[in-house]
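Before any comments, here is the structure.
The letters A, B, C, D and E name the chains in turn, as written, and every chain counts its residues from 1.
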Amino acid sequence: GKSGGAGDPNVLTVAATAVPHAEILEFIEPTLAKEGLKLDLKVFNDYVQPNVQVSEGRIDVNYFETGPYLEEFNKAKGTHLVPLAGIHIEPFGAYSRKWKKIGELPAGATVAIPNEPSNSGRALQLLARSGLVTLKDPKSMTATPKDVVGNPKNLKFREIEAATLPRVLGEVDMAMINTNYALDAGLNPLRDALLIEDKDSPYVNFVVGTEKARNDPRVKKLIAALRSPEVKAFIARKYAGAVVPAF
Amino acid sequence: MNGFFRNVDWSDVAQACLDTIVMLGGSLVLTIALGLPLGILLFLTGPGQPWQNRWGNGVLALLVNLVRSLPFIILLIVMIPLTIVLVGTSLGVAGAIPPLVVAAAPFFARLVETALREVDRNTVEAVQAMGATTRDLVFRALLPEALPGIVAAMTVTAITLISFTAMAGAVGAGGLGDLAIRFGYQRFQTDVMLVTVVLLLALVQLLQVAGDRLVRHFTRK
Amino acid sequence: MIRLEGVHKAFGGGHAALAGVDLEIGRGQVFGIIGRSGAGKSTLVRLLNGLERPTAGRVLIDGTDVAVLSAEGLRGLRSRVGMIFQNFGLLWSRTVFDNVALPLRIGGASRAQIAAKVPALLDRVGLSDHGAKYPAQLSGGQKQRVGIARALATDPEILLCDEATSALDPETTRSILDLVADLNRELGLTIVLITHEMEVVRQVCDRVVVLHAGRVVEAGEVAEVFLHPRAPETRALIDETDGDVQPLGFDGPVVRLTLHGQAILDPVLTRIARDTGTDFIILDGRIGRLKNTSFGRLSLGLVGGDTDRAIAALRLEGDVE
Amino acid sequence: MNGFFRNVDWSDVAQACLDTIVMLGGSLVLTIALGLPLGILLFLTGPGQPWQNRWGNGVLALLVNLVRSLPFIILLIVMIPLTIVLVGTSLGVAGAIPPLVVAAAPFFARLVETALREVDRNTVEAVQAMGATTRDLVFRALLPEALPGIVAAMTVTAITLISFTAMAGAVGAGGLGDLAIRFGYQRFQTDVMLVTVVLLLALVQLLQVAGDRLVRHFTRK
Amino acid sequence: MIRLEGVHKAFGGGHAALAGVDLEIGRGQVFGIIGRSGAGKSTLVRLLNGLERPTAGRVLIDGTDVAVLSAEGLRGLRSRVGMIFQNFGLLWSRTVFDNVALPLRIGGASRAQIAAKVPALLDRVGLSDHGAKYPAQLSGGQKQRVGIARALATDPEILLCDEATSALDPETTRSILDLVADLNRELGLTIVLITHEMEVVRQVCDRVVVLHAGRVVEAGEVAEVFLHPRAPETRALIDETDGDVQPLGFDGPVVRLTLHGQAILDPVLTRIARDTGTDFIILDGRIGRLKNTSFGRLSLGLVGGDTDRAIAALRLEGDVE
């Protein structure tokens, strides 16, 4: 479809990032088709556009972002997007080639963290929770190394693009890596991670839309399909721990 | 889907090829349509040229430089409202074309300006001495004489556009470069990366060979 | 028609290429400009169609100062002036045919007019076989002839020729000059002609001006200037001999005799020889034409007889030095 | 830190400026050092040129096209091992320079090739007729004669490099473009975006004006 | 020294620029090449230093085929051959000084050698004041003189001149020819010279070849070719008259007389006039020098007396037509 917009009762436009969102959506596509709903999937490799498009009504809903990120976005852009349903968590971990345990990390070690706001905040949160640093605002989801107020080990931060992190792992003492990238790069989160988010992580990925979408029957169908046991099984099978269902 | 190319979804690759070609084709045509007049104007308003005009030239140059100084991703965003007005969407292949054109046209314009500056001054003078209007001068002398240089500039621009299309994935435009980034880079699927890179190389190679051949064909000197 | 008043032209920095030139060229004249390399000839001619602007003084065409013309006015002037460039100035990207057609296209000629006119022009300059070639495929003289055909294409009122025949063999030069002379006669074309070939000036020019270091050192009717050059620069230019006054193997008295007009049809030498008993040896010289009069300039060696009387007799017929 | 520029951390901006300038300076010098010989070689091995060689030229062209067909981010990744060998790290400003050079050099080489093709054939012939070696021909005739074109190519390349540096943020190289993307774009801090874009524009403008002036200075024709 | 054997040269597609040329040029000769525009002169000369390769036939310099030379060998040959180009071929980016210094630098001359040699060369071609200028700031003739100075810079053994003086005024031409003739005499420089100025051929050439449509139509000693041209193409080229045999205002019998060598020092006309009672009117013609002999070519009008006896007497002195 061209601009997809809300209108056709039998088509739902959904913006998503490729992994795992688009893959999960593709998995449920045949199910929805049987119910008479056609998914028009728009794959993005960027975290801003999907929200802009949804808030401007050119796309019905998106499925790519975490709650904290959405909040930050709404605040900054003055949009009123709402989380409609939490689907999964992509736990975030700390990896190293040089050190076996977090305790071995020496003073002055270099820690690579992602360079986009959502993930850099998330990386610092994980470090804070394990006591390595303290943050100016312990609740901030978008902290940057500038917000680190306590740093007993005098860690040095390098901000690197998330997908590059596994590739430069050998050059730093520790890298904070999204699980999907870790898995794709051949790291095993369960075995290799020095730190990893637990099930209480606030970083659940939501289906997001405008207030109007809340009662849209098409969206309801989508959410129902996403929160099905089939999807749960699919996630477990396909992502082997890198993605954890949140329903 | 086993063996070495197990990650490669060939229908995705085919779609990406198509997307790249559509984006390249669409944006190249428009880049030329926009950049050529802009380059001519930059040249004509420059010092010692028929429409010499410090202010006009300065403003044009500033605009061109402004666009060229914006990182492509920022240009993409800044342009969204304009893109929607122009093509009805800021998404997908259609939505990628306006920012691609805006990014590439000033670049092409600079190359055109350089090519026009190389035209033999004696030739230009002789045509002016015929009582040519600036329009005649441009269309009957400058452009034909600079044609090999302009074709070379088109080749460089086309190939640069291909590398821009890789970034157009940000608005969901797809294409080979985006496939390479999403699977090859973000998903560590070396096979997909290899396939896309080979296809991109083939496309670049094709453009370059065709461009070189045209340059040679138009070189009469 | 063309008037220069106190024209100066200096190029940034260097000393002046033209340092105060006054001259006047009448309608329908063939006006020659001669002078040493670097004298300012090309600069002067380029002022006439506004390719250069004088740093001081005025260039008037039909009473209008070229410098004050609007862009539109300048185009109007240029469309009436054809120019043959010393360096050709052809379009490398166009065929010979299209190069010649270019001024016609600029002038708004129709396809049919171009199809009629260009082949005729190419024929006149002997390039009928080369219409489809590109300039880079031509010999030097062929390129120059394309420039000539191009300059004539729009039937200009004024033709500026900057060494238009310098790359041409004598035969081709002659045919080009005939062509130009015909146009001058038939259509009253005004021609300003720079050349280093004195033969060309003799054959086609009415008036000639001698430039030296940016100044006019001599100007006048061709016959007058060539037969009685006053400025030393003129003499140096038009001198036919190799510079030796005393030629090989003769060491008697030598005089230089200049004859012109009807005088030349008199059997001057043989008559005086018979009368005075002096024999003449022609050591060096030239007898020929100056546009439409005849002239002769001879170095004569005098042998025997009453040489004083012989010289006196020669003086009655022409100029003796 | 109030008022309109409340998000702008000026020391970050200063650092980003410095990073951009260091990346640009370092990579431009190396791009020229690498691209100029490559461009000359592309030209010399081309049809009708002194070292005419279909195979050699084909291989060079393929290499150049290969690099040009890789999206920059992929080049960045693919080069990591090489970058580490060359500069000891693939991170930060130092780690960004090798990929920047590898991305820009082939591009510059193509522009150099185009500029060399514009050199007057009569001049080249006259120099060959003096018994010049190809070395003499290149250094004493082709390069001086093509200098204005080459300087124009340097200007275009420098500005293109600036837009590449924006993408070098992927390896933590920083710089103005990266600041614009991370704060201006990803964090919606319009003030940061504005400041960085103005600074980028100033840099581009400076390069362009300096380049144009040099071109005019070297144009003797 | 230079030998062409059955040389053909065709440019892609068109008919041949050279269609079977054989010729030989001896060491120390001044060898003229004349012919109409497009005859193939430039092409021929460009074969001699390998700028063009023949499509058939051989070009031998000192017995070596230019076509089989290695790159190194070709450079060696070229460093011994200076060439003055019809289109100058100067470096626009270099000053006049540096243009002239270029072949010296290529030849590996030292700074001191260059500083000594270039100013002397610039002086010889009258460009001392212009050393710091760029070619675009020069007049046509000045550019040509830069090309001349450049070609002479490395003291070549062979000098190829493609219309080297066509953009020069007669005075400058003469000084350049003197320079070239001196080099030929003093250093045994072999010179191959294309020109459209027959005067130049007369003054400096030993031998001359006439090209027409890619073929040699006449070749020989200059005096021989100029005094007794056999091919109609040669006649057309060297014909001094404006083409009219019957000049203005005379309608009696006319003969053409050609004299050369010592004959010219005889007072032929006046003696025969006295003997036969016939008066001679010189209608047209030229008396001058052919390198180191004198020659004359006159159209004579015969008036009164015993014209038959007069003609018979003329026949004893020279050639009569």
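Here are some notes:
Methods note: a contact is a pair of C-beta atoms (placed from the backbone, for glycine too) under 8 Å apart; a residue touches a chain by one contact, two chains touch by 3 or more.
Note that the structure is a prediction, hence the values are computed from the model and not measured.
The minimum number of touch steps linking subunit C to subunit D comes to 2.
This structure's chain pair with the greatest number of C-beta contacts is C-E. Look at where the CA atoms of subunit A average out and do the same for subunit E: the two points lie 87 Å apart.
Computed from the mean C-alpha positions, the centre of subunit A lies at a distance of 35 Å from the centre of subunit B.
Here the spacing of subunit B and subunit E, counted between their Cα centres, is 55 Å.
For subunit C, the set of residues touching two or more other chains reads 87, 136.
For subunit A, residues touching at least two other chains, in rising order: 48. Among all residues of subunit D, those that touch two or more other chains are 73, 77, 121, 185, 221. Chain pairs that touch, as defined above: A-B, A-D, B-C, B-D, C-E, D-E. Subunit D makes touch with subunit B in their complex at residues 47, 61-62, 65-66, 68-74, 77, 107, 110-111, 114, 117-118, 121, 148-149, 152-153, 155-156, 159-160, 162-163, 166-167, 177, 180-181, 184-185, 193, 197, 200-201, 203-205, 208, 215-216, 219, 221. Contacts from subunit B toward subunit C in the complex involve residues 120, 122-123, 125-133, 136, 140-141, 144-145, 147, 218, 220-221.
On subunit E, the positions that touch subunit C within their shared complex are 11, 14, 34-39, 41-43, 86-87, 126, 133, 137-142, 144-145, 162-163, 166-174, 196-198, 203, 236-243, 247-250, 262, 264-267, 269-271, 273-274, 278-289, 292, 294, 296, 298, 301, 303. Of all residues in subunit D, only 9, 73, 76-77, 80, 84, 89-92, 169-172, 178, 182, 185-189 touch subunit A in the complex they form. Within the complex formed with subunit D, the residues of subunit E that make contact are 49, 51, 74-81, 83, 85, 87-94, 102-103, 105-107, 134-136, 147, 154.
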